[in-house]
Amino acid sequence: MQLLLLAVLDGLAYAAQLFMVAVGLTLVFGVLKILNVAHGSLFAIGAYTASTLVGLIGTPDLSLIALALAALAVGAVAGPLIERGLLARIYDKEHVLQLLVTFALFMILEDVQKLLWGVKPLFEDAPVRLLGPIVVGDIYYTAYQLVLMPSVAAASLLILVWFLRRTLLGRTILAVTHDREAAQAIGIDARRVYLLAFTIGAGLAALGGALAAPTTSLVPGIGVQMIVLSFAVVATAGLGQIEGAAVTALLIGLGRSFAVYFAPELEVVVPYLLMVAVLLVRPEGLFGRSELRRI
Amino acid sequence: MPTRLFALVGMALLLALAALQPWLRFVLTLALATGLAVLGIAVLLRAGQVSFGHALYVAIGAYTVAFARPLVGEALALLALAVLAASASGLVIGLFVSRYRDIFFGMLNLAFSMVLYSLLEKLYWLTRGTDGIRIARPDLFGFALSARDYEWGLFALAAVFALTSGALVARYLLTPAGQALSALKTGETRLEFLGISARRVLYQAYCVSAALAGLAGGLIALATLHVTPLLAYWTHSGELVFVAILGGTANMLGPFLGAIVFELVRVYAAAAFPDAWQMILGLVLLVIVLAAARGLVGVIEDAWMRARRSK
Amino acid sequence: MTQTTRRQLTAFALATLAAPWILPRRALGQQKPSELRIGISTFLSGPASVFGVPGRNAAELLIEQMNARGGIAGVPIKALVIDEAPGVNFLLGECRRLAQNENVDVMLASISSASCLAVAPLAEELRLPNIMWDCGTQRIFEEGTWRYSVRTQANAVPEIVAPLLYLLKVRPDVQTIAVVNQDYAWGRDSWAIFKTALEAIKPGVRIVAELFPKFGATDFSTEITRLQALRPDVVFSTSWGGELDTFIRQAAERRLFERSLFVLPLAESSLERVGKTLPEGVIVGARGDHWFLHPIAKDTEKLKTFVSEYRKRYGHYPIYPTFHMAQALFALEAAYTRAIAANGGVWPSREQLMDNLRGLEFDHLTGRMKIREDGQGLEPMLIGVTKHVPEFPFPVLDHMVLFPPELTMNPIGTKGLEWVKGLTMDMVAKAPAPIPYRA
Amino acid sequence: MSRAILRARGLVLAFGGVRAADGIDLDVLEGEVLAIIGPNGAGKTTFLNMVTGYLKPQAGSIQFADREITRLSPRRIVRLGIARSFQIPQLFREHSVLANIALALAAGGDFWSPHRPLLTTARETEAQALLQRFGLADLAQQRADALDEGARKLLDVAMAAALAPRLLLMDEPTSGVATAQKHAIMDRLIPALRQQGVTVVFVEHDMEVVARYADRVAVWSQGKILAEGPAGDVLADPTVRRDVIGLEGAAC
């Protein structure tokens, strides 16, 4: 019984982290219809920037703010830069080419990271130490992973859903997600919506990285690990489905931690098996709607 | 553009290169093999479908050679087995993935390749994990060749397979089912209302691509004589798509041209900038996509047309 | 059948056509070259660049120093470094290029065991002397004999047996043990050796958890929760690099070190990075007879200069891959010197070089080691426990034991995994006396 | 009186609260040209979609040439001899006009042949002949995405006709083109199809077009058939004129 509780707690913590990365990717894919392979690089850059900033500030009390600032900065700089500088040039091209542009970007950013931060693992856990441990039964958790990360993830989900459903700006984004041509027909400037959605997506990736930074060593290639998992989340969730991403992240998180407890050999393949199983039953993804094409 | 002439001239050029620079023999053999897998990717791209997991079939082909080598002494037989195993897997997996389109198609392929990758790493007692399996050099054409002759033999084999596969695929693409591939991209509904199963069209192409990737994997295993799970990793699948776009898919030369340029750029970039070769490759890809979306064959085609017009 | 015949013909035609160009460029390099060209393969990208780049740095620094002394027997050294991260296919092409196009005389390959296993046969084919400078798998010299390859450091067997002996010496009453290893060949191999040896020496120790998080994992929370619940006496992990750092940090934050004794055979390479997050009393290894505060070599000019030079240039203390690189280069120098002497002052052929690498005894930064007749290096294993001292912002090693190869390495012709089945408690008793840390 | 080739009985299909088909009974007679008219959202296209198997009715049955086809897949139904065209032409945009027709012709023949190319001489001749009939011969080498809307409409129907169906359903064959062009299109289509001896059902909004080309007319309104009969009679019916055509006029 206690084992079950522990597995759930571990699963939650992991799901929170996965969600933070996948949600941005889902949003970007929903709006721009581009699967951004460089999303993992933005995650990594967010993480590195956060670690550097926490180190620079030096005061542990301010470290949480430093994380948020780093994410904001990376999102605000990299988002528009990439969208305007690169993606805006290829919206009229085939999907394959769009995908490949982000693949190229991913390769470039991998080396940029290495040139900026080197290969030495970077570890800055001031925020984790700041929040201290939490004891469940006789097991020590860190408050950072058990409370802060799931809270931030939940808050991000709620804010995002509120923003998309309740604000005018958010609704324009949703309109473009559902039907780009119809949205443009009623006078929505799709290009601005793209810029906005991509910047939010980049910011979320960076925030995911910034949040993960205090819990893990930053090494070259850290973005690669995150990105394939996020791909699985996007497809399993259903295209552009924010809530779907949350549920999928939760399923993967729980699946993974139960695997570690009861069938360790399966741990790595859990996300993929889950995806195959979901798509077998629901070909449009967990929350995807199978819309009959109008003919 | 006279594709056949270009193919033969290109092959002669490769032969000369391989003769002048012994190390290129191996690199070019790998490039031609990769080109075969990319040819399969190009077939799927006709239907607008991007597989982010075809390294799966490359790895199946390669590991088939590794597993069968203790029992089979002839390289050609090993290749046949590699193609067989990859095709069989394609036949089964294709039944499932041919129902899906676009990102779902891409991601399901990714999922299958990642599952295989994990298995290759996990089933340590069987696969030796990341250490990989060493393959004893087999006979070729029934002869126990010296290392050098074996390299030449494999190079020749890869060249022959490249030429024949290119010709066969070109022919397949001209048949109704082959033509229906790009029809699937532009009008799947229409296809269904003509009484044609779009799924079967894609399934057929998928099996062709799996077989080609298996052949590529077999050749790669025979050339490197060492296989590792990295063959199945998703970045390797991504590379195949990369090469397809680099070379261009309009013409059967594209995949091979792309593969050769990719390998050479990587070699020279890695030699000149060991710390930033990935960035160079990324930049090359960016330039191609932004400036020459039809890939290298597109560039050549344009040049050829211009030359003919100015004549 | 006709198909085959046609292909045969094609192959022969091609081979004949090409013959004039592919004759060996230099049959026997007896003439003293103008420079000694060394190919080095190492990780310059990906997670293993944590080791690869320090290794490359060491090569850069040492070759510069050697060249300042006039190179090897008056021949300056030129290094060509390649990245082994893209995988075996790429590496094999690069090795061919280095050998056939860049005309390197010697290859120093590699970090990954897969790379070493793949390069060794190629070295035979190319007649290219190859020094395996960092890879650990014992399989290389157990499953093949290589004329053109040697290894200038120990292998997985002593690297794992030594920490085990150390553990049983300090905690003979161990009852339960858990493992957290990276899920790839090294993680699996090292655990197999540890487990087999443990069952032989002290049967009845319960293995309560075998956890293999995926290679490159960034989070060990779930594993740590399990370990907290299970409370094993000992937690064993051969993880390295960023993953080991993460594991140590997360375990420390969640007070796992208070519940279990940790045995971390590769943690020497993480000490400076994790700092005093790693508590005292953890058993740490260094994959060999080296550490920048090596108890015997600590005050030698050679080590002191190297450490300070290295630190000045790269900003960190050297870690084991730098020492491994040094061993390879010193071995190469010693072998050339020995071969030239045996050859009456004439520059040796590749085969003579290989002959002189075998059986070679040479000095490196922290001691003296030997290369066995099968090509396997023999070096002692330095194991200690962590201790916090004011002089350094990170833990140092205390109660260091230098396990001699006779105790920890299987003899020629035996397989390590079989050999460890014959280990006994006697081995533990035979361990040399510990050396305390001196400031 | 000729016999019914298609017999629909009691078809019901509702989307949410909207009844797109609310007990449709209709016979299509062999060899006739039947027009379906009615306001937007009356369920006309839904009827075509049910006949071609794209949508399944929740109740009722459809028989084609005395065969039950209600639950069959679109592909099976095509093979039985019902072809259709689309309101928005569904063309293979990257193929030439000729190749579009050739693919349609191949679909009825040796489509899966692994070695025979799509454009054999025989098939090319056949395709050219068909294009001639539909007035597209000059455009044979153009890419489909380079055509103007009128040509697309014609090609769309020609592709359906290439299947040599017994029944051809056309969904608004003249929508989206200028009024002046509507008759030009129909003047091409109807004779070409009559020449082929195919039974035709078409959905249309333009009453002039209906009056000129249809033998019979069925009037749809809110998922029901309001009136059905010879074109002249139905179009003259005052109820129809007020409720349907009047509405049409207001909408235009």
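Read from first to last, the chains carry the letters A, B, C and D; within each, the first residue is number 1.
Keep this in mind: a residue touches a chain if its C-beta (ideal position, glycine included) is under 8 Å from a C-beta of that chain, and two chains touch if they have at least 3 such contacts.
Here the structure is a predicted model, which means the values were calculated and not measured.
Counting C-beta pairs in contact across A-C and across B-D shows that the higher total falls to A-C.
On a Cα centroid basis, the chain most remote from chain C in this structure is D.
In this assembly, the C-alpha centroid of chain B lies 35 Å from the C-alpha centroid of chain C. Measuring from the averaged C-alpha position of chain C to that of chain D gives a distance of 75 Å. Centre-to-centre, using mean CA coordinates, chain B is 44 Å away from chain D. Counting only residues that touch two or more partner chains, chain C has 45, 183, 214.
The set of chain D residues that touch two or more partner chains comprises 86, 90. Shown for chain A are the residues in touch with two or more other chains, namely 110-111, 114, 224, 268, 295.
Looking at the complex, you find that chain A touches chain C at residues 2-3, 6-7, 9-11, 13-14, 17, 110-111, 114, 118-121, 123, 125, 128-129, 133, 138-142, 145, 212, 215-222, 224-226, 256-257, 260-261, 264, 267-268.
Across the complex, chain B meets chain C through its residues 15, 18-23, 26-27, 30, 76, 118, 121-122, 124, 128-132, 134, 140-143, 147-149, 152-153, 155-157, 160, 220, 224-228, 230-231, 236, 263, 266-267, 270-271, 274-275, 277-278. Interface residues of chain B facing chain D in the complex, by the touch rule stated above, are 171-172, 174-180, 182-183, 185-187, 189-190, 192-197, 200.
By the touch criterion given at the top, residues 4, 7-8, 10-11, 14-15, 17-18, 21-22, 44-45, 80-83, 86-90, 92-94, 96-97, 99-101, 112-114, 117-118, 121, 125, 137, 139, 183-186, 188-189, 214-215 of chain C touch chain B in their complex.
Of all the residues in chain D, the ones that touch chain B in their complex are 52, 74-75, 78-79, 83-84, 86, 90-95, 99, 102-104, 106-108, 110-119, 159-160, 163.
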